[in-house]
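Scrolling down, you'll hit the structures one after another.
You will see chain A twice below: alongside chain B first, and alongside chain C after that.
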Partner chain A sequence: MSILSSGSFWAFVGVVAGIYTILALGLQVQFGFAGLLNFGQVAFMAIGAYTMAILVVKEGWSTWLAAPLAVVAAAAGGLFLGLFSLRLRADYFAIVTIAFSEIVRYVATNETSLTGGSQGTIALGPIGTASQYNGQWSRFEGRVQHAFGFSSSDATMLAIVWTVAVVLLALTWLAMRTPWGRVLRAIRDDEDAAASLGKNTFAYKLQALALGAALAGIAGLFYAWEFSFFSPDDFQPLLTFFAWMILLLGGLGRVWAVPVGATVFGFIFAGTRFLNFAPFTWFASDQRAYLRLIIVGLIILLLVLVRPQGLLGNKREMVLE
Partner chain B sequence: MFLQLVANGLVTGSVYAIAAVGVSLVYGILRLVNFAYGDMMAFGALIAYGVDGPLHQSMIVAALAGMAATAALALALDVVLWKPLRARRAGFMSLFLASIGLALVLRQALLLAAGSQPRSYRVNPYRVFVLGSVRLSEQQLIAVAAAAATIVAVGLFLTLTTVGRVLRAMADDRALAAVAGIDVGRATRVAWLISGLLAGLAGVLAALVEYSFDPNFGFQLLLPVFAAVVLGGIGSAYGALAGGLALGVAQEVSTWSGFAGGVNPVYKPVVAFAVLAVALMIRPQGFFGQARVG
Partner chain C sequence: MTPLLDVQDVVRTFGAVRAVDGASFAVEERSITGLIGPNGAGKSTLFATIAGSLKPDSGRIVFAGARIDGRAAYRVARAGVVRTYQAARVLTRMTVLDNLLLASTGHPGERLTGVLLRPRAASAHERRTLERAHEMLALVRLEAHTHEYAGTLSGGQRKLLDLARVLMLEPSLVLFDEPMAGVSPALRVELLEHILAVRRDRKITFLIVEHDLDFVMQAADRVVVMNEGRVIVVGTPEEARTNEEVVDAYLGKAH
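This part shows the complex of A and B:
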């Protein structure tokens, strides 16, 4: 049980919850506010992380130039996906978005010369060298740690990720109170009504998709910096489903429900690592990994069955239909 | 070489087609895009493996056992999951998300029970039949024949029998069918029964054709199957057949060297989606689907 009392472990859980908050916030914009059933959110995370790593390692760019461009690339991915799929029926749109995320993963796995292939970012540089994309980031983290007197680099990362997450949450909260945000929610509730009032619903939905994709791109950047290495396997569809679970755990159509959902998810996911009591001790540790995902799946099922507006959601604002 | 690729494509496409009919049928009745279908296929394949391997039964008995078990699973899931969701009038989003949760539970339960190691049925993959310039293994021929027979059987069932007509009436308008005195609950169970049988069959055939399989393989098949369903027009059985075959052939033929050097075979799944994307741009309702009004 020693790991449970270790600060760095809980800091890690907190960092992951912060990254998931940003990822699921994108989904909240797309689904909770615009009603778009995006099941390919992880693709934009992958585009963000890979764009940054490739520009830094292969092109020698500064991290501070590469990172914003990576977010733009993720948003552009959202625009591209939306342009040819937003006119589809909701069920076809959902399928096409999953397909898109799998295509991105296939390309990342197989275009070895661009992405390092299945070996991951370690193979980004010339053969025989182990490439690193986070040198500048680590120095920045070190300066922040020194300036604010954080006890460890884990604590520093925790503070940075959550600062960014809170800023993004606040910006999204404000954006949803602008006329733009109100039109978005009007489209979600009745697209024909919004269109009849002269709103270009396609453009609004496209913007929501791109904005959510940009948020996923930011989550991808922090994912890359936190783990110092990633490969296409990190961007399985499972991650998108985790984000959906966070959305449901928190509540639909509410910005501040997202960090609550992500934190609960973080505790469930980290907590289930320590199922070291019967009946879980009957299983080997690799089998317990399967058990964790069974629990995640059961929670999704239970939420859909029992509380379709999410734990903190407002039934009048939005219910999962 | 070209003909061989077409033949291989028809084999893969046959498996897609069977699964696509199963997905499409349930969608027509329940408006459920069943994300757990691939894992139901894996369940059937694994049950058949248990009957074929440890129990030393013939492959036919094993396949039938796999189909029966998958159908039983589908019916049980209707009682514990889909029926309560229907009772609270869950819409497309809830159903889809629930099927994602179910897919996670099913696949991880299979991994927990059976382990992740690859396995194969006790069949000889080296028995090859030569038809002109095309060579097909026994398993590949069985897959094509079984698919053809199954699709014809399902097609006849839907058009000629009373239950089949009830299912089509419900796919058209569930509320109207209920008002007309149709036992909606019974018809739903029939749809799940057939869908489960088809999932089991598709799982066993996919495992035979791929020779080696593990509990994850159903999920890898799921997205091409979805693409086939959408291509054919969701809710249409013959559309699913055409979509499955077209997709299987397109995937294989894309690797033909005469076709601009051919696509790298690792991109076969991407080809499936490219075909789907182009098709949806031309006909957003799928090739056999009907445009919805409103």
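This part shows the complex of A and C:
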């Protein structure tokens, strides 16, 4: 149990919760505010991470140019997906999004010359070299650690990720309070009624999809920097469903419910990481890995049963027709 | 005088069913025109076609001198033709006030570029919209519910909110789909008064689909009667009431 009492382990859990916050915030914009059933959120995370890594390693770009462009690329991915599929009915759109995210993952796996293929980013450069994309990032992190006197690089990363997350949460919160955000909520409630009030609902849905995708792209950047290496397998559809669980845990249509849901989810997920006590020790360790997912699922099921509106959600909004 | 709305030979089919089968009629400016007919006559389809939610297979719809058939619903609404729905489509999970604030055209704050680049214009527009929203709430006497979710309102109150929301848009033509359906007798009188007052004070034209013939006879200047996808009679309420074909359509030939 010693690892559970180590500060760096919990700092790591906190960093991941921060990254999930940004990923799930994108989903909150898309589904919680605009009603778009996006089951392919992880694709935009992959586009963000890969665009940055490829530009840095293959093109020799500065991280500080590559990162914004990676976010733009993720947003462009959202626009591309939306232009072709947003006119579909909600359930068909949902199917297209999950297909889109798998297409992105398969392309990343098979376009070896572009992405390094299944070996991941280590194979981005010429054969025989182990490529790194986060040299500049590590130096920046070191400077931040020195400037603020953080005790470890884990603590530094925790501070950076959550600072960015809080800024993005605040911006989203402000955006949703504008008349623009009001139109989004109207579309979520009743798209036809919004159209009959003169709102170009397609344009709004496209914007929500692209903005949510940009947020996922930012999450992808931090994912890449935190782990210093990634491969297509990191962007399984499961990650999208983690973001959905966070949304359901926290509550729909509430910006500040996202970090709450992400933190609770992060701790449940981390807390079930080492089930090295009875009765779990009766199982082999590879079986325990699956047992863990079952237990996480059960805990979330229980929480949603007890509080169907989520931890910060509004129960009245669920019953109004 | 050219009519405000001119529906010419509009056809709309669903598979083999010709829901609207060559309908033609005109709506004069500032009139209250009732669109009546038995169930399945094609009234609702025609309504949706005028409003732009359905495209006609053929025919023309001319509004204020410009063709609007084939335009997207939101563009028809922006041109000044605003529809309501039979069951008032209020936004239930938003407050009554938010429902009204949504009904403003050309709001810079409703565009991201406006929010970022023209914050002053956006907040000025928002202030004006807020003022008008409170005016409208007073008009339909829903002030007490300003900050409640619209989903908590009764059916009749939702109709009033819908009417207020439509008036916020300052339309030239309101397409009113069964305003009296599901409305209590007390509110019926109120709703009728509102419609008459609005026509008088705001120069708004109404095209109303309604099953309540008493209401149509009371409120409408002209009546358009549809049956089996076609317009069979256009005239005053009195002419429609006594027309042989209309009686046949409603009661069957063997009455």
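As a working rule, the second predicted complex is superposed on the first by the 302 of 321 C-alpha atoms of A that agree within 3 Å, B and C clash if a C-alpha of one lies under 4 Å from a C-alpha of the other, contacts with A are read in each partner's own complex, and residues count from 1 in each chain.
What we mean here is this: a residue touches a chain if its C-beta (ideal position, glycine included) is under 8 Å from a C-beta of that chain, and two chains touch if they have at least 3 such contacts.
Quantities reported herein were computed from a predicted structural model and do not represent experimental measurements.
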Between chain B (first) and chain C (second), which, if any, makes contact with A:194: first, second, both or neither? second
Between chain B (first) and chain C (second), which does A:186 come into contact with in this model arrangement: first, second, both, or neither? second
Most chain A residues touched (candidates chain B, chain C): B
By the touch definition at the top of the document, which applies to A:79: first (chain B), second (chain C), both, or neither? neither
Once the structures are superposed on A, label A:167 by its partner contacts, choosing first (chain B), second (chain C), both or neither. neither
Quick check for you: in the superposed arrangement, does A:91 touch first (chain B), second (chain C), both or neither? first
Touched partner set for A:65, first chain B, second chain C, both or neither: neither
Contacts for A:304 in the overlay, against chain B (first) and chain C (second): which applies, first, second, both or neither? first
In the superposed arrangement, which partner chain does A:296 touch: chain B (first), chain C (second), both, or neither? first
Identify the overlap between the chain B-contacting and the chain C-contacting residues of chain A. 320-321
Touch list for chain B against partner chain A, complex: 33, 81, 84-85, 88, 90-94, 96-98, 100-105, 108-109, 111-112, 223, 226-227, 230, 234, 264, 266-267, 269-270, 273, 276-277, 280-281, 284-285, 292
Seen from chain A, its contact residues with chain B in the complex are 37, 39, 84-85, 87-92, 94-96, 98-100, 102-103, 106-107, 109-110, 238, 241, 244, 248, 283, 287, 290-291, 293-294, 296-301, 304-305, 308, 320-321
Looking at the complex, which residues from chain C come into contact with chain A? 51, 53, 72-74, 77-78, 82-85, 89-94, 98, 101-103, 105, 107, 109-112, 114-115, 122, 126, 149, 151-152, 165, 169
Which part of chain A faces chain C closely enough to touch in the complex? 175, 178-180, 182-183, 185-186, 188-190, 192-201, 207, 316-317, 320-321
